[in-house]
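In the two assemblies presented below, chain A is common to both, partnered first by chain B and then by chain C.
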Partner chain A sequence: MPQALEHSGTSWKGQQLKHKPSLIDRLDPRLRILAAAGFASVVVLSHSFIPLISGLLLALSMAVLAKLALKRTLRRVIAMDMFMIFLIIMLPFTTPVPAGEQPMLQLAGLSASWAGLLHALQITLKGNAVILIMLSLVGTMTATTLGHAMASLRVPAKLVHLLLFTVRYMDVIGQEYKRMRRAMQARAFVMGTNRHTWRAIGYLVGMLLIHSLERSERILAAMKCRGFNGRFYLLDNWQLQRLDYQCGLGWLLILTLLTGANWL
Partner chain B sequence: MSVLLQTRGLTYRYPRREPVLDKVDFALHKGDRLALTGANGAGKTTLFHLLVGLKKAKAGEIIAFGQTRRQEADFVEVRARAGFLFQDPDDQLFCPTVLEDVAFGPLNLGKSQSEAIAIAQQTLAELGMAGFDDRITYQLSGGEKRMITLACVLAMSPDVLLLDEPTNALDSQARQRLIETLQGLPQAMIIISHDDDFLAQLANRRLHLESGKLTDPDATPAPEALHG
Partner chain C sequence: MHIVDGALAPQVLIGGAILALAGVAVGLKKLDYDHLPLVGVLSAAFFVASYIHLPVGFSSVHLILNGLIGVALGWAAFPALLVALILQAVFFGFGGFLVLGVNTFNIALPAVLVWYLCRPGIIRSKTPRGAAIWGGIGGALSVALTTFMVAGSLALSGDAFWLAAKATLVAHIPIIVVEGFVTAAAIMLIARVRPDFLHPLEDE
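Moving on, here comes the complex of A and B:
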């Protein structure tokens, strides 16, 4: 079986943080989420190249500051850039050439426009800048911390619980999947492209769904046994520190400059 | 009031099957450590579910802590006073961190956050699990998970413990630790287990569930034993 298929995104090891401690880790998680969201909105709404390029440079320096693991970060950024390559190829052809302008190139009767290429480049810059900031500010906290920070930012409780329960049970369900896969392999099951494989995989997925459903019922029963009444308590007492205020103000200033750069 | 839990004519059946519990009468008294044995699928866990109202009995009544319980609302109090330890610790530990999990019960009972944290920390310390507060629940070992689920249940200061195969998948060291902990607890217990040695060290009464009936294997000797 190909490696890519065997890989499950559910293994706990894949979710572990892999960077060295940095300044970013000392900042309040809520501040980091807000900073990333603010940066993303400024960059996405920008329409000229100066703020976009400086945004990308800023994101790169944040990634260095956050001491992101190089290999892992590259893998994630490249995964997104694969989509961007198609965008760069497609957009020039789908954007009409403005009247009175020369097309960039003509291919099999189709004409590519400069405007489309520039647009595609802008989207690529935006995408890379945002993903780098997300990886360095939000990606450096554990999923559990992210859930708590979201709850404390008054994100709807249902979304937060969905995230926290997903994080909690992803590994349990992943283990169940692996156990069943091993049981199949133990009985000499080899994956192929035939009816037998499709049916077996269908059973596997079906059983996984049923197991998960039954587990969710047991979890609800366990919650009821402990007096669950619809409220899920998270215990945090985060306090903004001096460093948070300083960095927050600095970030605000940078975002203002980035916004202003659109009219340069 | 020495009778804690009592059932009269309790009956339950799953669809298209023989009843798993057929007019069961039983009582749990203060100080009882009742071993509940029976084959797989005999209905032991079902009995627990009925006692705390997770399933609805087809017939019969459940008298818990001096009151007949019928509605979902009646059982809310029962669940707080009868701590149910589930078979699979992963079903019970659903909060991200250990402290949150242990404090979940007290918070639901209306304790304030600081009170709940204090109770949780004290319960953990009593079970020798101090310092586990910030551990992530899914990164614990099997034995640790079992002790933390016990802490979760004990944090609600129950009068009765319902233990569903507590030694399942524990290594001998974790199992011994669990036995010593349970021996030191004052609560009345019903223990489902297939582990005879474990039951021998803990239980002071036995009941056997077979084809829907609860019988006491130690009560009257079987007739053939008298003649033989």
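Moving on, here comes the complex of A and C:
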């Protein structure tokens, strides 16, 4: 994959979708998670083009409403599309042409069918709509807020704690990784397709794990010292506001319309 | 390795979600609060490691390391991978929402199998070299299994996906080889430097 399409990934802070404050930020995080989940279910289970196209348009307008950074969002969406591009190219050829119909085109003895192309288009629409909604409704909150919102949606506390720990240390470990890579570069290490590379990277991963283990021992000791008894106290106390009710009802109405559009 | 939303049939999505939930429940039950920082930091480390891209010929592959995750975490691999996949879907736009269950199951189940199949060999090996061989087997095996399961999820979703499923299998052969060698080297280093690392999550 070309460099421009790759996620840098090692710096967590740089990955948060930077955006200007928007209407979406004023909504209750729990509402945003539920809204995204509802939208994903409706879109993925739809089978006709009207709800799918309107779903994608809705997702695009939410992305605009959330004031997502254009370049970064585009890069993510394209990266995802590259992921499934083979599936989409293949589908028309692997879906059998119904008897009595003309194939869409003939290529080197293979025939492509319209049904397959339509199926591929549907998958593309669904995938893109869901990703855009996730990025604009859920991806705009901080990871900590996401954890707290999940906790108040009755996700098991241990899972939420695990998420918070992972988020907290991703950047720390990422720095550690960068430091070791720089040390390797300073010793003229260049990656190639050979066993030397794999061994060196394996040692790097092993060392990363050992450093993480040692760090987690220090973390546990420090937390014990401060009286950690197995839970974090989540201090957010969210109340649904009038705006939340209005938006929630509006969203429910839109989702109902989208569902109904399947039988138009 | 991620399947995106929209490709799979609803039955596969629901089946995957139920199986993943069961796995996460077992994982959370076995995970006590004293091990939370350990699992959290390790899962951050695996998240970082999964962004290492290695060149293979003209293209590049990224590490999945679910074999190593299995050796280190056991059943806790389920919640740890679910967390990683949630973060990837929400903040990086990889994968999707309804496929979270299928994706978690496809990656975490092989990790747990490696815990049962290869970890005893790693622990019992007298030399780092022996541990590395078991680790290499685990690393290659887990990615191979995940590939089969991804291909299976596609194939179960419709006959039209058969070719895509087969292509997935072929495309992942180099990754299986690379993962085997990388995991072997990682286990070799750990066995030399911190042999006790392989024992922290002892489940009695």
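The working rule: the second predicted complex is superposed on the first by the 234 of 264 C-alpha atoms of A that agree within 3 Å, B and C clash if a C-alpha of one lies under 4 Å from a C-alpha of the other, contacts with A are read in each partner's own complex, and residues count from 1 in each chain.
Methods note: a contact is a pair of C-beta atoms (placed from the backbone, for glycine too) under 8 Å apart; a residue touches a chain by one contact, two chains touch by 3 or more.
Keep in mind that this is a model prediction, so the values were computed, not measured.
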Would you mind checking whether chain B and chain C clash or fit side by side on chain A after the superposition?
-> fit
Considering only the touch criterion stated at the top, classify A:Val138 as touching first (chain B), second (chain C), both, or neither.
-> second
Who wins on chain A residues touched, chain B or chain C?
-> C
Angular separation of chain B and chain C about chain A, which is computed from CA centres of the superposed model and rounded to the nearest 10 ° | 70
Which of the two partners, first being chain B and second being chain C, lies in contact with A:Leu118: first, second, both, or neither?
-> neither
Looking at the overlay, does A:Arg215 come into contact with chain B only (first), chain C only (second), both, or neither?
-> both
Figure out whether A:Met223 sits in contact with chain B (first) or chain C (second), or with both, or with neither.
-> both
Touch check for A:Leu234: first (chain B), second (chain C), both, or neither?
-> first
Based on the superposed arrangement, let me know which partner A:Val167 touches: chain B (first), chain C (second), both, or neither?
-> both
Look at A:Lys126 in the shared chain and tell me whether it touches chain B only, chain C only, both, or neither; answer first, second, both or neither.
-> second
Look at the superposition and give the distance in whole angstrom between the closest pair of CA atoms, one from chain B and one from chain C.
-> 8
Shared contact residues on chain A for chain B and chain C?
-> 164-165, 167-168, 172, 215, 219, 223, 231
In their complex, what parts of chain C are in touch with chain A?
-> 2, 4-7, 10, 13, 24, 28, 31, 33-34, 36-45, 47-49, 51-57, 59-60, 63, 65, 68, 72, 79-80, 82-84, 86-87, 89-94, 96-98, 159-164, 167, 178, 181-190, 193-194, 197, 200
Over in the complex, which chain B residues touch chain A? Could you list them?
-> 49, 52, 54, 76, 79-80, 83-84, 86, 88, 90-92, 94-97, 99-100, 103-105, 107-109, 113, 116-117, 136-139, 152-153, 156
Spell out the residues on chain A that touch chain B in their complex, using ranges where they run on.
-> 12, 144, 147-148, 164-165, 167-168, 171-172, 215, 218-219, 221-229, 231, 233-235
Mind listing the chain A positions that touch chain C in their complex?
-> 1, 6-10, 15-17, 36-37, 40-41, 43-45, 73, 76-77, 79-80, 83-84, 86-87, 90-91, 93-95, 116, 119, 122-127, 130-131, 134-135, 138-139, 143, 146, 156, 158-159, 161-170, 172-174, 177, 191-193, 195, 197-210, 212-213, 215-217, 219-220, 223, 230-231
